[in-house]
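Read through the structure below, which is laid out as structure tokens, and then see the notes.
For reference, chains read A, B, C, D and E in written order, and residue numbers begin at 1 within each chain.
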């Protein structure tokens, strides 16, 4: 016997932490960490549904596996992009404003 | 068949001119456009006599059909459009457009004609909207590309105002149309008119009517939505001004008759007092503005606001007389303003500007033909009996004095008095123009009198002004039956 | 026969106007003259035929024109009518029209725009004939307004003069302003009747007892009074009554034939005829009658006073027209309901002849002496053996000396006032007193005019008339003179349906007054222009009509123009401000948004995302 | 590994089949997916035959387009189904007319993108990875887009959605310069967060309905219970937010101008067209079961629509770079796309799809022309002049075909005839809103229609000018043949649907 | 409170605490390491919830692969070792972020906790069951997922080989070669 309130609460906390992580970090890689936390919150919910037997076709488990795999794929691409940007700019700071670039919107490129 | 001919021929020639025939000479383009517009005119005449209908599916998913027909309300406007369609092309013959290719100019003229004809033919509310929008871009091109050569900024401003303002109005109208269609389940204007809004709660009817009226009021234009008109007229080339005043504005009033008045009469009755008040304000407002306006073209534009006020007043009264008055005044204003714009446009070409403050030779002395045309136009504009302007205005005042039973009588009677006062202002500004431009002792610098195609167009319009004034019967008879079906027989 | 004649009476001058318009640009004026004079003669013939056809019957003949207009609820039959009265007045109008055309053909022979003038006169005549013959309010209105427009064209004929342009503008605007009343009156009457035909309108509005209470509702008295007051306002404007009187003297800027036409039998007198047509309704509206009585009483005296002091004889005639028209309208205002409008119509009839005669004579004279100022004309008649008697007859008639036509009609008017007074109408007393005062004043200015024109002390002037005026001109002056002399005999024919008679006591009184006034003026004149003697240095004040023009400018024109400036300002700065504001807001929003997005930081993008989610979610939570 | 998994797709079902397989129904997804792999294989075998890769891609897309036709021809009540479970569970893959039409839109737009990015036609072409990578990424993303349209279960929905997204990030980054990096980074971070939200939303969906499919029955049942209703609505809002990113709805739009401006024009076109089709398709899958969810979802969608169209239009009004203008126009148009969904009645989904397809056609034409103009050598001035509006001065006269196509596209986007398709699309989009009596939203839409007209006419006015007024008259001697094909293809679609809007709207019902 | 509840509470506290540290620490590398702890603890949660296969995958894929990748990335981008305040945004920004994060938590908790209901019997899903469903019902998304992974790999390789634009010209040739090699590598 298990209370589902626990996993639900934990998922809520993880999602909140992830949201904070996403917002409070300037480094692209650290933002990624926040995203992973949110994904784990989602996974936790999926698994707890499975634990309660409230799904069919093992959906809770299978979907968790899918999310994990997609997350892996994302991380691969994300890191490639981050590396590329790092090579181009020397940092992966999301708030870095390249002044030449910022004027693009004014059509003076 | 004839309906389609009158639509397809101008459209096809316009498309060819825009694509294949971009480099044709002015003569060729004009010849082609003339032929197209004459064919369209012939087809319209036949259509008005035979009254055929066209009903073909176009966008079944929307229930949108090419549903075209002619009735007493649209027939005069169709004729007006087709005649002026020929007129503006003819008028262009001797004056190659500046600012773009002649092919594009002619194509735009034909497209405006096509759109206006389609609007007047349309018997499907959504099709009406589509056709209504058709004229926007060609008209915009006429204003921004072929308008006043001196001032590019003014052209852009005027064109932008025109297209944005009217797009706003027509989109608002679209919302109204869609609401109407949603509530009544059909977009067939005839069915809607027969239904007369039965089964739709009055509150909804009022909302729908308000939307439709607000949208269409922009096009008419009704005070205070008129500020796009003066700049548009001032900068547009003569042919554009003529089409704008004589055809495009009519689409607004025509829409008011077809949509809110016919389809949601109870709702329209609620909106009508407001509309009537605005119409009356427009009469006074336009008249007063004309008293001190310096630019002749702007002045005539403001006078259009005043004249359309009479149309609005007649429409709002809810009686058959009022509707007749509105329809008559509509056509009359079309002819008169076309005449005035041809004359004034010609003057602007000759003078280089249309500023009244500049002292110039009196037309009466140096250019008898232009002078005559101008004075006829002004006389008609001030509502002189025996000329086209009188009947609509008189009947409009009459209708406002004795409105339908569900209209506030006291208010409408007050408005009748106000409208009648407006005729004094019309006289004042018309004679102001006559005094500064037409009469006078100056004979220098001389300008060339009207000749050839310009004079032909003017002559036709003068004759039309006289005919409508002397024999209003045929036009009134033409609209009579249709008006009865819309308003219903007298109790 | 009679129907055709009725139609042709109106149609002939109309067609002449159209043809004249087409011929107007020919250099050679002969064709235009031929058409104009010929058509006007033809119209006289037609009018004569009509008189004969209608004969003495009291029947009303209704004549169809173009098909009736069905304007929704309103029916506009557009019919003409012929009665004895209309036929007679039509004849008078036609004769005056012919006289003016014939005279103008000579008078304007040098004018390069004679053709258009002749066409306009034809149109003017046609419009007046339409008013006379109309059996339909709308047709009346058409004729009414067309006359106004023609008067604008005629007064402004010499538009190279600034003063002529101004006078034309003023004439049209003032009458147009008053016409608002006329139009609204017509509208109200038509709205009550559902038709614009006179018979229906009369039936619907007249105070007749309804035979069957259920069949016809009693007319709304308030509305009726409103309608008639409005109509009277229109008529006051067209006829130049106080307070709309100022345009008429200025209208002298037009060529003299035009003045003759406007003053004699057409525009200014048209109101009389219109009220006569609607007399049954009018008689029942006390308010309207009071208005008319007061306005005419003031006008007749005021204008007569002004006439006396004019330095220009043509303007003297203009003011005399005001006074006389006031007289004829006053008859309508006070005549007892059972007596009918006959007195007024009779005065219209007689005034047409003598005033046309006077104008043409003075026009002729002005050609020879080169102006119409009193100083220029001084002794002008001395050389004119032909005009002198004509002028003499005309002035006598104007003064109301028996047995000339002017005496007959004026006495009818006074008699009507007397009858009204006897009826117990307070306004009739006013009118009667004003009328008697006017008699004195009229005699005075007629005497003055005669003294000036026939000044024996002036140097003898060569005889011009024999070699300048053409035969038609002589003929018309002769005809008008004869009509002025013997026109009064009409009261013994059934041609004018006269309800009144001449009150012999009043007649005697007025004759005495005339003689007395004449003698007094003569004695005061002392061989000089009496006006100079009496008015003296105040003449310019008389010349500008006691400065009423200034009042119009200050209290009507200026405020309206100021209002117009306000409207233009509001149009630009308020109404259009929303439009410009919307455009400005859009581009401001655009550049503001652009600045907000300028950095385009990825992390701010993320913040947007999360904030958006939370906002949307909270909104959702708040709303579920 | 790849070879085996692909092979297992055909082998596995036979072994442990719980679901049925109908290859022809799956084909619009499978063909581009297989082609993506095939291109990579070809690249190994014949790395020098760069044109061959593109050819394979084009052929696959054409085949895919042909294969969507059966689905389009079905009625909404009777879609093509496959991956069916024994009754009563229904099927996990349903291709009705709307889904098929969206597949068609995705495949067609991808076809235009491939033609535009044909190897060797752009002198600035220095993409990383070579043409094969580009082609296979486009094909894979297209397969994802096509798949998500028909997906009925959470699993394939999530996977397909991500398949449609991830390659796009890489495509932006492939250009390999600083703006591209910035754009890719913005797109990446936003898409990561959005995916997280989508995953969370999907999890909540499962929690509340207990079903791993987007089924109307389960959703209705969950909505009936007040507590589960809250969770379901939260799920819906999270899903909506996550998809809002892909659709470029405000406030999830910030990446859009950056990514568009950083990417090559064909990739930007891909983001503006194919990617949007995928996003809307995904959204429709979520929204359809929620008919009856009531105010919160409707309010959320309505707000997103109103804010997006306003902000997008207003910002587009001040742009001077045509690509950025189109980016902001995408934001605005996205608002229009979801506008009908705020009514959530039976017309809404089709209306939304119809508007999207009309937008996709018009915007593709615009991108094709922009690409041709920017990749064309000029008489004088720098090579990137094509990225300012003035570069288009007098295009209508200088090059009627390009100018005419661009003009018609702009008018369609503005919703003005002769771009009738745009006008009809606006009618279609407004109809459900007005029908549901959402007057405030309708008013916002009206205002935005006007601002939209201003946005596009501002550009159109430039086309109308005299070519000599421009700073550097473009010398467009000849358009590369693939680009010409793209122009003709998309232009013909635009003209045809303008003349016969039924061609477009008929797809949807 | 059942035994499982207690176990879950224990693991859950570790998860929450390490997650908090992962998003707040100023050491870049520490953040990644705390993430390892957190993800591992989540795997523990899965075990408590009876999903052993998922827990295994979580350890293998997440902790094993993803975190390693993250660490590599941090090192390749020369993330500083030791405390560094520049990795976080400004204080105000963080406060706002905190509020938003708390909001997310509150919202989710408020929605989810009411439906948690009383204690339920734990429903274990065996690996066999998962496998059967994965290759039965879920085979279609599973296959698509394989394509997704392939594409992600290709894309990552192509993107991570980016060089500065000035070297672009001679990169075209190299890129083709590289693209040719990519599939074989992944295979």
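The rule is short, and it goes like this: a residue touches a chain if its C-beta (ideal position, glycine included) is under 8 Å from a C-beta of that chain, and two chains touch if they have at least 3 such contacts.
In UniProt terms the chains read B = NADH-quinone oxidoreductase subunit M; C = NADH-quinone oxidoreductase subunit L; E = NADH-quinone oxidoreductase subunit J.
Because the structure is predicted, anything quoted here is derived from the model rather than measured.
Asker: Need the most distant chain from chain D, centre defined as the mean of C-alpha atoms.
Answerer: C
Asker: Which chain would you call central, comparing Cα centres to the global Cα centre?
Answerer: If one averages C-alpha positions chain by chain, the most central is B.
Asker: Which chain pair racks up the highest number of C-beta contacts?
Answerer: A-E
Asker: Tell me which chain's centre, taken as the mean of its C-alpha atoms, is farthest from chain E.
Answerer: With centres defined by C-alpha atoms, farthest from chain E sits C.
Asker: Between chain A and chain E, what distance separates the C-alpha centroids? Give it in angstrom.
Answerer: Between these chains, centre-to-centre, one finds 7 Å.
Asker: Taking each chain's centre as the mean of its CA atoms, how far is chain D from chain E in angstrom?
Answerer: Centre-to-centre distance between chain D and chain E: 28 Å.
Asker: How many angstrom lie between the CA centroids of chain B and chain E, rounded to a whole number?
Answerer: Spacing between the chain centres: roughly 67 Å.
Asker: Report the inter-centroid distance (CA atoms only) between chain A and chain C in whole Å.
Answerer: Roughly 92 Å, centre to centre.
Asker: Give me the residue numbers in chain E that touch at least two other chains, ranges are fine.
Answerer: 89, 93, 96-97, 100, 103-104, 107-108, 112, 132-133, 136-138, 141-142, 145, 148, 152, 155-157, 159, 162-163
Asker: Which residues does chain D have that touch at least 2 chains other than itself?
Answerer: Residues 155, 158-159, 162, 166, 169-170, 173, 176-178, 181-182, 184-185, 189, 193, 197, 204, 207, 230, 234, 257, 454.
Asker: Residue numbers in chain A touching 2 or more other chains?
Answerer: 11, 15, 18-19, 22-23, 25-26, 28, 31-32, 41, 43, 45, 48, 57, 59-60, 62, 66, 70, 73-74, 77, 80-82, 84, 88, 92, 94-95, 105-106
Asker: Hey, which residues of chain B end up touching chain D in the complex?
Answerer: Checking each residue of chain B against chain D gives 18-19, 22, 57-62, 64, 100-101, 115, 126, 129-130, 133-134, 136-137, 140-141, 144-145, 156, 159-160, 163-164, 167-168, 171-172, 174-175, 178-179, 181-182, 207.
Asker: Using the touch definition from the top, list the residues of chain D that touch chain A in their complex.
Answerer: For chain D paired with chain A, touching residues are 89, 154-155, 158-159, 162, 166, 169-170, 173, 176-179, 181-182, 184-185, 188-189, 192-193, 195-197, 199-200, 202-204, 206-207, 210-212, 257, 261, 319-321, 324, 384, 387-389.
Asker: So in the complex, which bits of chain E are touching chain D?
Answerer: It is residues 107-108, 111-112, 114-115, 132-133, 135-148, 150-152, 154-159, 161-163, 165, 168-169, 171-172, 175-184, 186-187 of chain E that touch chain D.
Asker: Which of the residues in chain A end up touching chain E in this complex?
Answerer: 1-27, 29-30, 32-34, 36-37, 40-41, 43-45, 47-48, 50-53, 57-62, 64-66, 68-77, 79-84, 86-88, 91-93, 95
Asker: Across the complex, what residues on chain D touch chain B?
Answerer: 350, 354, 397, 400, 404, 411, 416-418, 420, 423-424, 426-428, 430-431, 434-435, 437, 439, 442-443, 445-447, 449-450, 453-454, 457, 461, 464, 466, 500-502, 505-506, 508-509
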